[in-house]
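Have a look at this one before I ask anything.
A, B, C, D and E label the chains in the order they appear, each numbered from 1.
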Amino acid sequence: MLSIKNLNVHYGVIHALKDISLEVNEGEIVTLIGANGAGKTTTLRTISGLNKATSGEISLEGKDITNIAPPQRVKMGISQVPEGRRIFPEMSVLENLELGAFLRNDKAEIKKDIEKIYNRFPILGNRKRQTAGTLSGGEQQMLAMGRALMSRPRILLLDEPSMGLAPLLVREIFNIIKDINNTGTTILLVEQNASMALSIASRAYVIETGAIVISGTGEELAKSNEIQKAYLGGE
Amino acid sequence: GDKNANEDGTKELNIGINYELTGPNASYGEASVQGIMMAFDEINDAGGIDGMKINPVEIDNKSDSAEATSVATRLMTQKNVVACLGPATTGNFQATIPEAIGNQIPIISASATGDEGVTTDKNGKVNEYVFRLCFNDSFQGVTMANFASNNLEAKKAVIIKDTSSDYAKGLAENFAKTFKSNGGEIVAEEGYVTKEKDFMAILTKVKSKDFDVIFLPGYYQEAGLVIKQARELGIDTPILGADGFDSPVLLELAGAKALNKVYFSNHYSSLDKDPLVQDFIAAYKEKYNTDPGAFQALGYDLGKFIADAIQRAGSTKPEEIKNALASTKDFAGVTGSFSMDKNHNPIKSIVVIELKDGVQATSVKVEPK
Amino acid sequence: MRILMKKNLLILLCLIVTFVIVQVLIMNGIITRFHEITIATICINIILAVSLNLVTGFTGQFSLGHAGFMSIGAYVCAIINSRMDSTLGFLIGILAGAVAAAIVGVIIGIPTLRLKGDYLAIATLGMAEIIRVIFLNLKITNGAAGFSGIPRYTNWMWLFIFTAGSIILINNFIRSSHGRACISIREDEIAAESMGINTTKYKVMAFTIGAFFAGIAGALFASYFYFIKPDAFGFLKSIDILVIVVLGGMGSITGSVIAATILAVLTTFLQEFTAVRMIIYAALLVLIMIFRPQGLMGTKEITDIFKFGKREERLNGRRNR
Amino acid sequence: MSLLKVDKLTKSFGGLTAVSNVSLNIEKGELVGLIGPNGAGKTTLFNLLTGVYVPTSGSIKLSLDDKNSRELGGLKPYNVTKAGLARTFQNIRLFKDLTVLDNVRIAMHQNIEYKLMSAFFHFNKYYKEEDRLKEEAEKLLDIFNLSDKKNELAKNLPYGEQRHLEIVRALATKPAILLLDEPAAGMNPNETAALTETIARIRKEFDLTVLLIEHDMSLVMKICERIYVLDYGMMIASGRPEDIRKNRKVVEAYLGEDVNNA
Amino acid sequence: MSEFLQQMVNGISLGSIYALIALGYTMVYGIIKLINFAHGDVYMIGAYIGFAATTYAQLGFFPALIISMAACAVLGVFVERIAYKPLRNSSRIAVLITAIGVSLLMEYVMMFFVGAEVRSYPKLLSERVFEIGNVYIKAQQLYIIATAIILMIVLQFIVHKTKTGKAMRAVSIDKDAAQLMGIKVDRTISFTFAIGSAFAGAAGVLVGIYYNSIDPLMGIMPGLKAFVAAVFGGIGSIPGAMIGGLGIGIMETLVSGYWNSMYRDAAVFAFLIIILILKPAGLLGKNTREKV
């Protein structure tokens, strides 16, 4: 479904992504793990078009989207929950959700979808008029996910959704991700919490200083010694 | 060789033009320079001064006094000018005085009307190289105060002045002093700032007062609007002003209906049958398609005046030009004929003009004391 | 004393050489009266820009009222110097002008510096307008007619002493712990407070120091240009100073010095192009900002450029946007 | 007598009571954890302790020694810091465009010993103090091996090192109590483990009392001697890690059933 | 009493002129946080276009108004693309300086072509003056007040009720996040400039007719007042700009009318500063302390 070939990205002189190639197939959960500063966020931002690729190709269902503007990519079905949530803090919860559906015109359906989001995250339903900026970290994370779902994406990019969440919620978030995936949305997940990510992922890539070093199924990687040592805190 | 000689042997005379061509006073500078250039063109077309063409060196001072100093220095030290004209406003003119004295090059303004510190210094000594060809604020202020007391029999006056203008400040002070000594009373003094367009607040306040005349020292750009708004508000007392009123723009802004019972002092009147005046008005109209205002007329005279002085000096030496300027006798200009007094102020008569439906209806000449 | 360190001696030497060279050129008539005016403008603008830079570039407080402080210095010095027509009177005038500006700076700074961003900008703008209107209506300042006949004591020597002094003192301040406290406010006020920095105190301090030096600049201005009037210190003047600061680079003393020089030279050069001077000036301003939005120097100082390998003592402020 | 005594502290925002009647005690030298669900009011409590928010009611008492005890509630943040509390932020708030060294030096400002005149004229005192400052700053940076990067801009550090720098910066204010808000957020298990050790180490080295907020139980359960648990602004439990782990309320509200990640 | 009523009429009509300019200003200001010093000059150019359309092309009021609005919209978008867009990621003060450059450029290009002298407008709107018990109200004052109110409502509607308005607000908060919602940032900003500038053009024509006096530097003071009004009312708040504009107009009038016109500007600013000290985010601004 999503395919990246030999992608290179620079920040000025910094070579942040070096010849990255990866694939996400329809219906999969694919996870991208790696240390701080490895280039995970950069990868997702480039897929959404927020960063420009220096070279390489990104394609969605065979169509080359490397040079398409970000809003167009949203229209084609790519949605992202960005690092640090990036909700609109001065707007209400409801307005944030409505903005998620910016490109849609089916008012009735949008309303239904908002209700669905409230069902999934009841706390958002209770706080629909609250200014989003005053939500706690976890509440904001839920809002960011809800907002991304409002565009009815075909592929959802998640950048560290469990960051800063309470243990109970971390598990819940992963359940929700699985759930979203089960309803037919393809997922590319970036995580620090590698063990959890690997446990729900069908396949995984490991990125180190801008280059993909290992890839395989979730189970394979979870068992790998190297991975254990580097990312799972195993001895 | 002569540094003013051109390649083809004809000599050129560099005359500095240091005017407000940008910034808030640009319209006055622009108008003055129009008049000056018209005069220079006429002189040059007629063969120049003793065969020398006048070469105006025009530099803008941004309506800023420090810039005026810099421009004056540039003209005097870099451009070989024999004299400098301008700036138009008193303050900017004052800022160039030390340079004129230091470089020994005469400067002349046609519209720096300030009373003190212009042609004379703090101690009352004349500034040798500094001249003007307009009367000062006190003459106009006193004249209009006397006009109000004597001709209009006014007892109570309101002053509405441009607080940001040195010109208005001088006029207002002199008017008030004389009006009071004539037994009159200033019932209110209000202010506005240059470029303002809404005067309703002060006019409403003034309206509630009991008064016979309004004295409105300031320029036509604001005065036109003040008069318009005053009349709209039902204030129909006489309105007095000074030479700042003299511009066709006053009529455009205020409208003919509002310009009744409006009196202002000026250097000359368009009613004057003197061919000098009528020819100038006709020539100006032909060139610019509108009537000249005071700035243009004064500028025109300034151009003619400096040429006349150079001619009389028979030399391009600044010092001799200065002497010629100082000894001017009966120079005939559009804005009146005058001689220079010992303080380098022109001894000029003043006219008080009455507007009826926006046009000059009558004019009364007042001779200087 | 470490003042006699090699580095400081070198700076001192450079200063003396600059001074002597210009002095000799003036005496030989190579630098004429006309050039001298440009030099005076440059020096005065340098003091203004460097002091505003301390407030806006280093401390991050958006001030649109610097001309107000300048006018206080100008009028106080003009009044004193006119009555005490001597070098001593001139120096007393400068000091009094600077102190008066600083006092007003404290009085105005304490309540207004609680405001942030554009709200502060409006407050400082208003404060400068208030000062201007007061000067416009005071008897002693001769109101709108302006104050003329100020004796000229400002010459190259005094310009040099005060300009170099201002640069050195403000630069020293910025490189001290107090200066770093100011910079931390620009970077993140909440974090600065949590690091034990009394942000209000340091904002007011920067504001006051800025006002003090603006007062000096105003005093030099009055004494050099013979004539001052309230209009010359309106909000457009404040904007002019801000333009120098931003063009040079907010947070770069060197930048302010360079931009003040370039702009003064440019203005003088453009005098010749009467009809289009403002158009050219404006177009250049836009172009420079488009191509160097961070200003000519960014936050770099001249010393950074000469110190490639040895980045040790780089200046505190380092914002490269 | 306890070093920090919080009594019935409450903070409400409009209708929402983010911290409600919270009391807690911290003894000198303790390492205490503060946990609770998202939005429970943990950060708000920190903000109250450090003067960022003014409490709606309640008191915060700091007693550095037996004789002196000070009310901190209502003090400005810089005064709280001077009194001996230092903190890090949940969302990193470094001086991003300044160098690592300057970040630390700024935090040392309150202990500087030269006056304004020295700042202007760079008298000898200035040089002496600046040298001392630099030395001390570098020593602190050594804790996290950051002194090699002292001339880097803070924003150019990798995320993990930025968090380390925040801790160093807080230490530079010479606090008696260090408050850490989610120091391990965004770190992978290896990095978290390393951080856990470092916290334990600096605490000994600087003779610190530490209160930390953290969602990563591997860290909390390993080094905290006592734990307080907040939920909906209220203190629902406190005690030793072993007890907290088994506490019903805590499990329901926060940990979830299968707690095996410690 | 009638004097006071008259002063209130004066204050409201002066204030609604400030508000008229401030509304377009605050729109751009709210979205990209740009202190657009050139806004006053777009207003000036609008006045001149209206002047040209009525004087030379002999058009009536409405065609002139429409032409002026359209031309200003184009001008606004053009200026944004050329001068502001390259500075999207620069500090705000850098863009401010660019705006000052653009402002000077428009003023002096205009002066180059039309000269510095003021011009007067042809009489396009009724010059009727109603006299209600000693209080004079001009028909034109009513037009201006009505226009300001209508503009405020229209803007409020656009910003808060339409999709484009939501996009504008999203862009103003976080451009990257807005893109992730599918919002075209450049187009949204262009649209904002188009509307803001068109409103400035309309204000130029109306005020030109009302005062019957235009000149190339006429935009400086109103531009500044609009900035003051926008900040005073609370940055980005549309009703705030309206109230801010009216507030300043009324304050100026009252100071002139009941105290001393010579100290008017000082008094108004002093009052403004006091209000800001009491309400540091302006009249309608929300004083949101950053959550840490």
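To be clear about the criterion, a contact is a pair of C-beta atoms (placed from the backbone, for glycine too) under 8 Å apart; a residue touches a chain by one contact, two chains touch by 3 or more.
Since this is a predicted model, take the numbers as computed values, not measurements.
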item: For chain A and chain C, chains touching each; value: D, E
item: Length of the shortest touching-chain route, chain C through to chain D; value: 1
item: Centroid-based (C-alpha) most distant chain relative to chain A; value: B
item: Distance between chain centroids, defined by C-alpha means - chain C, chain E (Å); value: 32
item: Centroid distance [mean C-alpha coordinates] between chain E and chain D, Å; value: 48
item: Approximate Å spacing (C-alpha centroids) for the pair chain B, chain C; value: 37
item: Junction residues of chain B - those touching two or more other chains; value: 21-22, 24, 163
item: Multi-partner residues of chain E (at least 2 other chains); value: 108, 111, 262, 265, 292
item: Interface hub residues of chain D, defined as touching at least two other chains; value: 43, 52, 89-91, 93
item: Listing of all chain pairs that touch each other, if any do; value: A-D, A-E, B-C, B-E, C-D, C-E, D-E
item: Chain E to chain D touching residues, read off their complex; value: 292
item: Touch list for chain A against partner chain D, complex; value: 35-37, 84, 134-139, 141, 160, 163-171, 192-195, 229-233
item: In the complex with chain B, residue positions of chain E that touch it; value: 3, 6-7, 10-11, 13-14, 17, 108, 111, 115-120, 129, 131, 136, 138, 207, 211-213, 215, 217-218, 220-221, 252-254, 256-258, 261-262, 264-265
item: Interface residues, chain B side, partner chain C - complex; value: 21-22, 24, 58-60, 62, 64-66, 69-71, 73-74, 77-78, 90-91, 94-95, 97-99, 102-103, 114, 117, 121-122, 162-166, 168-170
item: Touch list for chain C against partner chain E, complex; value: 56, 62, 111-112, 114-116, 118-119, 121-123, 125-127, 129-130, 133-134, 136-137, 190, 235, 239, 242-243, 246-247, 250, 275-276, 278-279, 281-286, 289-290, 293-295, 319, 321
